[in-house]
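Structure first, commentary second.
Just so it is clear, A, B, C, D and E label the chains in written order, and each chain counts residues from 1 on its own.
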Amino acid sequence: MLADVLALATKDLRIELRSPASITGALTLGLVGLVVTGLAAGPDTARLRAIAPGLAWLSVVYAAIAVGERLDRIDRTDDAFSVLWLSVDDRRAIFAGKVLALTAVLWTITLALLGAAVVLLNVEPSPAAIALVPLAGLACLALASATGLVTGVVGVSSQRILLLPVTLLPLLAPTLLAASQATAALIEGRLDSALPWFALLGAQAALFAGLGLLVYESGVALE
Amino acid sequence: MPHVPPADLRLELRRVSKLFGTTVALWQVDLEASAGQLVLVQGANGSGKSTFLRIAAGLTSPTAGEVRWAGGPRSSRPRVAHVGHASGLYDGLTPFEHLTLSARLCRTDPTDALALLERIGAASVAGEPCGRLSAGMRRRISLARAFASDPDAILLDEPLAALDEAGVTAVLKLIDEATQAGRLVVVAAPSDARLRAKAGHTVALADGHVLRSLPPSAGWLEQIDAG
Amino acid sequence: MIVLRRLLAPPALVAFAAVLGVVAVGLFVVPPDRLQGQVQRIMYVHVPSAWIAYLAFFVTFTASVRYLWRRELGADRLAASAAEVGLVFTGVAIVTGAIWGKATWGIWWDWDPRLTTTALLFVIYAGYILIRGSIVDRVRRARAGAVIGIVGFANVPIVHFSVTWWRSLHQPPTIIQPGDPTIDHLLLGELLASVLAYTLLFLYLLNRRLELERARDEAELALLMPS
Amino acid sequence: MLADVLALATKDLRIELRSPASITGALTLGLVGLVVTGLAAGPDTARLRAIAPGLAWLSVVYAAIAVGERLDRIDRTDDAFSVLWLSVDDRRAIFAGKVLALTAVLWTITLALLGAAVVLLNVEPSPAAIALVPLAGLACLALASATGLVTGVVGVSSQRILLLPVTLLPLLAPTLLAASQATAALIEGRLDSALPWFALLGAQAALFAGLGLLVYESGVALE
Amino acid sequence: MPHVPPADLRLELRRVSKLFGTTVALWQVDLEASAGQLVLVQGANGSGKSTFLRIAAGLTSPTAGEVRWAGGPRSSRPRVAHVGHASGLYDGLTPFEHLTLSARLCRTDPTDALALLERIGAASVAGEPCGRLSAGMRRRISLARAFASDPDAILLDEPLAALDEAGVTAVLKLIDEATQAGRLVVVAAPSDARLRAKAGHTVALADGHVLRSLPPSAGWLEQIDAG
């Protein structure tokens, strides 16, 4: 099954990378979102710095929804999904491949965004901030699993571009919160107060991914 | 070495009905078919052919009734390939990439798949992204992929639409070979003399009802045309 | 068994009489609060509504798990009905809370953790209903509902514990906590009676919704019966 | 031409309203955006109140992109656009119809959102706030024209879901700013300081709409 | 009262070439056709038929060469209808709504449009959203809309694909009537005896090049088959 997961994730990433505007697009989306949100929040750096982790993660959540919907649409256009469904031995591979590809894209975006936020806002990160890398990975896994799960069950519908954010934003609010809190703690070097948030993120990733695997195994994702 | 379909492969539909809201797409349809047969599902536009194929493939669940695939080792479900009205292709991948991905997932030999691309007359575009191909070429790629996946059963929805003469000849030949290799082939088409001449079993649908289901016998072609 | 059925499906008369009763007691029998005065009586609507919403979403959660496990449409109907009723109770809790807030804090709303998380809870189940509405296929609708019914429930404990996890304007748990409750026993009695009465109302509404869902499913199945 | 514009806008709105989740979905998206952004910004009401107009309009901008992409996709799916292109006498009607439909949807959403923000953030609006209705209309016209213009030029492409926000967010930043400032001024009753922003919004709407009409007339929007 | 196409309507393509990147889709194609003619564009899959039609309709611009529509009042361009491989339908609108919208935009009589729906055998689904129709029914709606728009010229890409026998008969009849009414009809199809028998002018394409372009004359059918 692992080979299938890799083959499927590679397929998604290849299609993704082949379109020239793609990853850069997602990245720019995140950056622009950050800047515009900052603009909307007004020009007070101290205030901005306080809300920066939250805003950065909010941009990542928006990017997760946009990229997730895109990766899902790759399969839904022209009914490629049916072909996959009949081809793979273990259908959980379809979900796992999708989540893997999405996690990879989001992780890249997140690290770039956090870096940009640190530079733009003149934050002095503590050495503990290196733990942001695994933190971002975990949070992106949670985001990707939730997005994969919900896009899978919502399926094709002309409303999905609205339905997905409507459902995902509140569902991901705890993830957003945990990721922001942990990020703030790590930047200030409070490793111990970041740990519970790590645990929370892990639990969320496990919940979303577990449910996704279950749902795909039993054929929920189709039609 | 291509995989040999189990000789006892069987598809059974028992009183299968499908409703979309209040539209009756299929109504208490029965079918039995087994390895090596070519079943033709025939009927006017909107009579339920595509719904029939999707339900048989397990891509749509019936509202009532039962679909059973039997035969082969108990442990694994039979491998079913389905080509619907939609192509199932990724605009950003080339035919070559489609076939190698499919070969990896279906655990078949990628070189066989490429040979098929050649036979179906699409080798010249193997490196072009599918989004840029013409309608008929896309159709060929979908069909080649289905045949290359070494399926036990293969379900084709209007396989000859959009193809030119060379394409039609190649696909008819592939269908013949598939039945000879013991695969179960189900083809849907509104009306096609070329397919009717080959079919061992014809199911005539009208408004979701089976008008008549004709097992192999001499004279069935006349019966259809008389009805 | 029959007794349980009866209990779980209270007649309209009983449910409404119980609610009228606790409202009357809340308005005229229980003394006003020493600090807050008459407004405090809104508690007998606010707090039970919030708790009944939790209960409803819990029902949705368990029914969703059951659906994914057993694939019974009955479980899905229960999940959908409970979510809808729960959404109404959440709405009531938010509106009464806002009124109460205007009276005691001087504002309708604040970005307090409890309030924000409650709003999110409302939106999640609104999304649940929207998504179900957008899916035509019965089985797929049920599956999507089940998934969101399960994931969405994770927010209920977050709403409950939000007051202890973050500093909050909102009342911390006064009743559901270890040790002796910190409020007057008469008030407590009225509160518990209200919870009971609203539970009856919830069960009544839930059953009506269930009947409607059942009738809808049956209407679809009736089409499948040979006429 | 006016009759054509109305017929086309009606077509869009009908498709839009027919899908049960549609307008409610857009509205909820706006609300959720507001709540989640509030959450990401942290629970400090004074701070939130200061940035509220910005946040509300940011939500409207996101909604504009989501709904705009949806309205445009209605025509791009299955190449319905080609049919329109050959059917209408004056091709500018296609653009005008699209912008009209989008403005109508956005206006509804904005008014609901501003109302919600006023209640949620305990703002005491001055009587001058009634001018928010035409203000919202003007800003929505600007947003709708820009969205219609960009979706038209970007055309169908698998990246559009990323390209649109990337192009539109910075393009709309001045609109966002003007609308936020004008809103803040009107809520506080400073009618006179709102006027320049009104003028700016009007200029933007004229610019985007004019450019859109030009582009459609000369056939750039095709392919 | 249906609009009468100008008798001097002419379509001229002069050395039209179309490149997609480095793919040559059309190469120096010439064509002259006038009111009342039926032109058949024939060729293998990928030979450039669809590209030809889109360029003639003005939906794609040629890389080199010139497309000219002449005839009728100077002030207005001739009305051209085009039905490509894609249906051009909105999933959320019904056939009825499609035809009334088209009638309003094209300033034709909506009742004529509905009569056409009846003739093409799609009246029974006139109130169903198009997203729920079968492939053949969608095709019929697109074709009915094109014929109903009272065009001076009508360009059809594989109009008979996906249709059942009744549909084919109806569409062939509509094509006949259109040419008789003085409309210019251009049809693309890989190879179709039914269309070939009617065509007054055949353009045979291969790899974007015109192999031969045959004006009306006895014996052209044999020439093609011999070549």
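Assume contacts are C-beta pairs under 8 Å (C-beta built on N, C-alpha and C of every residue); 3 or more make two chains touch, one makes a residue touch a chain.
Keep in mind that what you see is a predicted model, and the values were worked out from it rather than measured.
Among the remaining chains, those touching chain C as well as chain D are A. Minimum number of contact steps separating chain B from chain C: 1.
Centroid distances built from C-alpha atoms place B farthest away from chain D. Here the two chains linked by the largest count of contacting C-beta pairs are A-D. Mean C-alpha position of chain D lies 38 Å from that of chain E. Centroids of chain A and chain D (each the mean of its C-alpha atoms) stand 26 Å apart.
Centroid to centroid, with C-alpha atoms defining each point, chain B and chain D lie 47 Å apart. Across the assembly, chain E contributes 91-92 as residues in contact with two or more other chains.
Shared interface positions of chain D, defined as residues touching 2 or more other chains, are 15, 19, 21, 25, 28, 32, 35-36, 39, 74, 158. Residue positions of chain C with contacts to 2 or more other chains are 120, 123, 126-127, 130-131, 134, 137.
Taken in their complex, chain B has these residues touching chain A: 54, 57-61, 76, 79-82, 84, 86-93, 97, 101-102, 104-106, 129, 145, 149.
For chain D in complex with chain E, the residues that touch the partner chain are 3-4, 7-8, 11, 14-15, 18-19, 74, 77-80, 82-89, 222-223. Chain contact summary for the complex, chain A toward chain D: residues 15, 19, 21-22, 25-26, 28-29, 32-33, 36-37, 39-42, 47, 50-51, 54-55, 57-58, 61-62, 66-67, 69-70, 73-74, 77, 157-159, 161-163, 165-166, 169-170, 173, 176-177, 180. Against chain B, in their complex, chain C makes its touches with residues 136-139, 220-221, 223-224.
Those residues of chain C lying in contact with chain D across their complex are 98, 107-113, 116, 119-120, 123, 126-127, 130-131, 133-134, 166.
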